[in-house]
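See the structures that follow.
Two complexes come next, and they have one chain in common, chain A, joined by chain B in the first and chain C in the second.
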Partner chain A sequence: MQMNHELLKITDLEVFYTVDDDLVRAVNKVSLTLRDKETLGLVGETGAGKTTLALSILGIVPNPPGKIVAGSVEYQGVDLTKLSDKQLRRYRGKEIAMIFQDPMTSLNPVLTVGEQISEVIKLHNKISLFEASSRAKEMLELVGIQSSRYGDYPHEFSGGMKQRVIIAIALACNPQLLIADEPTTALDVTIQMQVLDLMNKLKTERGSAMLLITHDLGVVAEVCDSVAIMYAGEIVERGSLRDVFEGESHPYKLGLFNSLPDVDSDTERLESIAGLAPNPTKLPDGCKFHPRCKYCTEVCMAKNPELIERETGHFIKCWNIQPVKRGKTV
Partner chain B sequence: MEREPQKNTPLQEVWKRFKRNKLALGGFIVLVFLIIVAIFAPYLAPYDYAAQDYTSRLIYPNAQHWFGTDNFGRDIFSRVIFGTRYTLFIGLICTTVAAFFGCGLGLIAAFFSKLDNIIMRVMDVLIGIPAMLMCISIVAALGSNMRNMMIALSVTAMPNFARVMRAQVLTVRDQEFIEAARSIGASNGRIMLKHIVPNSLAPVIVQFTLGVVNAILMSASLSFVGMGVQPPNPEWGLLISAGRAYLRSEWYMCILPGLAIVVTTFALNLLGDGLRDALDPRLKR
Partner chain C sequence: MSLLLEVNRLKKYFSTASGMLHAVDDVSFKVERGKTLGVVGESGCGKSTLGRVVLHLLPATSGQIIFNGKDISNPSPASLHELRRNMQMVFQDPFSSLNPRQSVSEIIGEPLLIYKICKTKKEYQERVIDLMKTVGLDSRYENTYPHELDGGRRQRIGIGRALALNPEFIVCDEPVSALDVSIQAQILNLMQDLQDARGLTYIFITHNLSVVKHISDDIMVMYLGEMVEKTNTKELFSTQLHPYSKALLSAIPRAKLDLKRNHILLRGELSSPIEPPDACRFAPRCNYCEDICTSRRPSLEEVIPGHFVACHLVREINGL
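And now, the complex of A and B:
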């Protein structure tokens, strides 16, 4: 498998929200690359800026209050932040498609599921309504729903099936890049695996790359090739799945892993990261994580560390990088 | 024949819930009846509504003249039947025009937040002026006739629609499926017309039925004071106005056309209430 060609390259992206004169730095100098057919897991807690990052790739950050302030999002060499809305529309849905978090609310309740799948097909292809609907039916079959349900409304489907419909919409135009924003969070655990398997299978079949946003490290270990960890709008660590799961560590990631239940050890309570995620309007000076960090030193409070490459492709943004810890793998 | 499992479109669901409300159904039937009367007025009216007969002036209701005759000997029943045309025409057209422009403005105000303040403050000004005063001023400025009265009625009803629509669009606009529509490359126009409007219409439909009631009452009042439909046309308000000089002796000249207004507005109100209940998903049983 060739994984050299850079499909998506985000450089120093900054996205700010203005809420009642307060400036929220939702995405703060984030750089990421995603190669063809790669699956990148974007991990972080609620409010870390994961969704905003995803929305800004498509240029659909709600404005106002949000705004892409600086940086670039290059997709196959084209800077999407420089394009007009009209030009961007040709990418949305066709080149880059998105799967939203909550299948209950991301389908239009007054249109049939078939109409919603054919809508995206018709938007990006000059074909007749009949052809679009027959392709929509194929898509339904592909995600495991009988094509006879083309004329049904979203409320007649269960949550897992709605998410399948949304996957069908997202994949209908064979996008090169699939952004999945916590696609399984709103689903039952038993359905989660089905949906994830389906996404992974279709993505591999069609050779798309995927940006998977999640806070489930189990999901990451299952499907991702590489991982980026976000904290307070910044990427604190990124690298291949193996590097991140077994290599040196940012203290935040260490905290995340320590808070996972371990079947082998016999602990009464799970460990948690002390404190709360910082107020996004008043981010601390220096390293954003320092108030919660066990390994905090003077320099952490004063200066924000750079993202440095420790090994090839493994970046960590910390003054006190924690060494490899043996005996605990996910 | 193969039996498909029972499937209901949202519209069928609404109709099912609406049917259960007998009063609303009654209102609906009365409205359908009135529309039929208006369409077939020339066939239903026993006399020519304008024919004067000085040998039979001011006759009390009887078998020949169900609603009696007026001071020119015209058959009031025939005049009321033809009046249905005016009433429904004015009520429906004015409200439709008001709903079209009002909803359009409300949609734009809610969708493009930069225009919100401008549009809605203008609407506030229109609402701030008492409706009757506003209608009278517009008609006084443009001249008393039916067309100008209809313009006045449309203008006064418009802000209500703008408000209802704006409020509704504001809640629909932020839902995830709008974001999803954007993410598949739908344009603003498409998002507004295909995704937002159909999801915002329920309260507008209710407002529409109540708006028709309002327009009917206002047109009757304006015609009554001579600022709307002009005699000898048989508008209901005008019939009441013509009968007011005879109120002490020939009371039927006012009361019977008045009853027609009451029945129509009552039916429309029941219909509006029923629709509101049927369209409100929280009342789903």
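And now, the complex of A and C:
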């Protein structure tokens, strides 16, 4: 299989939530591609629509209130949005697996961790319970937990260990695509480093692709090949890791980088982004970022820019693209 | 510079069914007026408990706390009431630390009422609006309730409430960890501006090392209830001497390309803080661990002037 084979292709995806009488455009005309073995970092702040995008790949957006309104999610050429629940079940957990954010709440508290791992193995493979449980034990060892803990319950594990169990469940059926939604946000830095290291190792060994959702640009720099930045339901910039970290810039991305305290330099004052993320039911006209943008011009208020390809593979959605990423004023 | 706070051999133990939990064990430090002491460590290292014990939100098991030259280790209820005027706290979670049934102005103004600061209703209202302005809250939010506001604004309310009595000293317990980065930067800037304008002294508790570097003058690293290293911020980020601090700092994900990443991966996870053995508490995860580490508890030593480390092997490891 060649490296640049498109594994996942999302085209003009729109996911809306109806809350009371308000319409929330959580994901608004988003297009993305993920190639074999690629790790794509999806970055954005609370409410940007990252998790909704991830859920819609697997067809698990809570409905109601959520609904995929338009667009397609093609996985190896099959449009997942057109499939029935029964057909989708063949993909979920086997072809595409998900790691959820909060290790404390995404495990079933009344089943042992072993049962939870063998459950997914048994569901997707015609094997006996005994075989499934021995495979589950192998998975535990693989993520660095002694197989003797097969019969322990989630509450007997620490946060980092629980996240390892979840990784074991996700990888149990050798998925081609792994979706990880803030997998290390709830963990301490030294444990985060262990978990990221483990995910990286397993991903490389098994040759799967990964969509990593995070708000931490540091984590992106550590593990991703490419990056997409989301703001108010839209992708405002995407490209290779180097393009996004060092190339031309959307003002929002510039703001994100400048608001990060940097451990390697002594900045006296952080450059914050003014204002707040917009109310999702009342998105501004024109560019969604314009009320917070310091480079805002008249056209920004009137017309929403297109995502245009500035260099091969580097897309930016802005009328006033900024030349360099780190424009830190001293 | 004058000393504002001095803490000597402070201990806080909790009694649990399986024995004494050593949440804060024998911690000593000093904070000068107008400075910020950062306290870093991972979940369960006792940093929040430390902040609460210093403010007498929790009684200390033993140890001495000297504030403004006065020993406040065992305050009477009346003197504690007076002390609180001068020492306040900003809490971590702006969602649960505000009373959902009070409006913004009621929350910020409550300390003024408790301490009977204002003589007239008009004076009270002016003070509240003034405080709201100080922390960057528009006065039109006066009668809104916390649930109507986002995390950043809610944290501003928490800061406004802490400032109401014009304290000299504020313990900030993870004030920005629940916020998005762009909002986090706004709050950090606000806190620095307030410090400059009012000469505030902070103890800034956080697990985020980039944040603590940005805001602190001195940093104290805690592990399982103990202080393992303390020095000024610059020194700590250039030369960490304790193996735990080395690992902790190497684990910060840096948003940069082409960095040589020398992650020090630690084995295992935190051991239990209940009835810990007389040994280095970091020993089970330490890459340098030797026999002495598991048989005797290391004491805090001034290895380089101003740089305190608690490690038996500090000289061998660092070639000092």
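To be clear about the criterion, the second predicted complex is superposed on the first by the 319 of 330 C-alpha atoms of A that agree within 3 Å, B and C clash if a C-alpha of one lies under 4 Å from a C-alpha of the other, contacts with A are read in each partner's own complex, and residues count from 1 in each chain.
Just so we're on the same page, a residue touches a chain if its C-beta (ideal position, glycine included) is under 8 Å from a C-beta of that chain, and two chains touch if they have at least 3 such contacts.
As the structure is a computational prediction, the values presented were derived from the model and not from experiment.
Trainee: Using the overlay on chain A, decide if chain B and chain C clash or can fit next to each other.
Mentor: fit
Trainee: Return, as a multiple of 10 degrees, the angle whose vertex is the Cα centre of chain A and whose sides reach the Cα centres of chain B and chain C.
Mentor: After superposition on chain A, the angle is 80 degrees.
Trainee: One more residue to check, A:E119. First (chain B), second (chain C), both or neither?
Mentor: In the superposition, A:E119 contacts chain B only.
Trainee: If we overlay the two complexes on their shared chain A, which of chain B and chain C does A:D152 touch? Say first, second, both or neither.
Mentor: first
Trainee: Quick check for you: in the superposed arrangement, does A:I273 touch first (chain B), second (chain C), both or neither?
Mentor: second
Trainee: For A:I166 in the superposed arrangement: first (chain B), second (chain C), both or neither?
Mentor: Touch status of A:I166: first partner only.
Trainee: Considering only the touch criterion stated at the top, classify A:G93 as touching first (chain B), second (chain C), both, or neither.
Mentor: So A:G93 only meets chain B here.
Trainee: Considering only the touch criterion stated at the top, classify A:L107 as touching first (chain B), second (chain C), both, or neither.
Mentor: Touch partner of A:L107: chain B, not chain C.
Trainee: More chain A residues touched by chain B or by chain C?
Mentor: Touching more residues of chain A than the other partner does is C.
Trainee: Once the two complexes are aligned on their shared chain, state how close chain B comes to chain C by Cα atoms, in whole Å.
Mentor: 8
Trainee: Looking at chain A, which of its residues have contacts with both chain B and chain C?
Mentor: No residue of chain A touches both chain B and chain C.
Trainee: Which residues of chain A touch chain C in the complex?
Mentor: It comes out as residues 45-46, 158-161, 188-194, 196-197, 215-222, 241-242, 245-246, 255-264, 267, 269-273, 276-277.
Trainee: Taking the complex as given, what residues does chain A use to touch chain B?
Mentor: Listed in rising order, the residues are 55, 58, 60, 64, 86, 89-94, 97-98, 100-102, 105-111, 119-120, 123-124, 151-153, 156, 166, 169.
Trainee: Would you pull the chain C residues touching chain A in the complex into a rising list?
Mentor: 42-43, 150-153, 180-186, 188-189, 192, 207, 209-211, 213-214, 237, 247-257, 259, 261, 263, 265-266, 269-270
Trainee: Going by the contact rule at the top, pick out the chain B residues touching chain A in the complex.
Mentor: Answer in residue numbers: 7, 9-10, 113, 175-177, 179-187, 194-195, 198-199.
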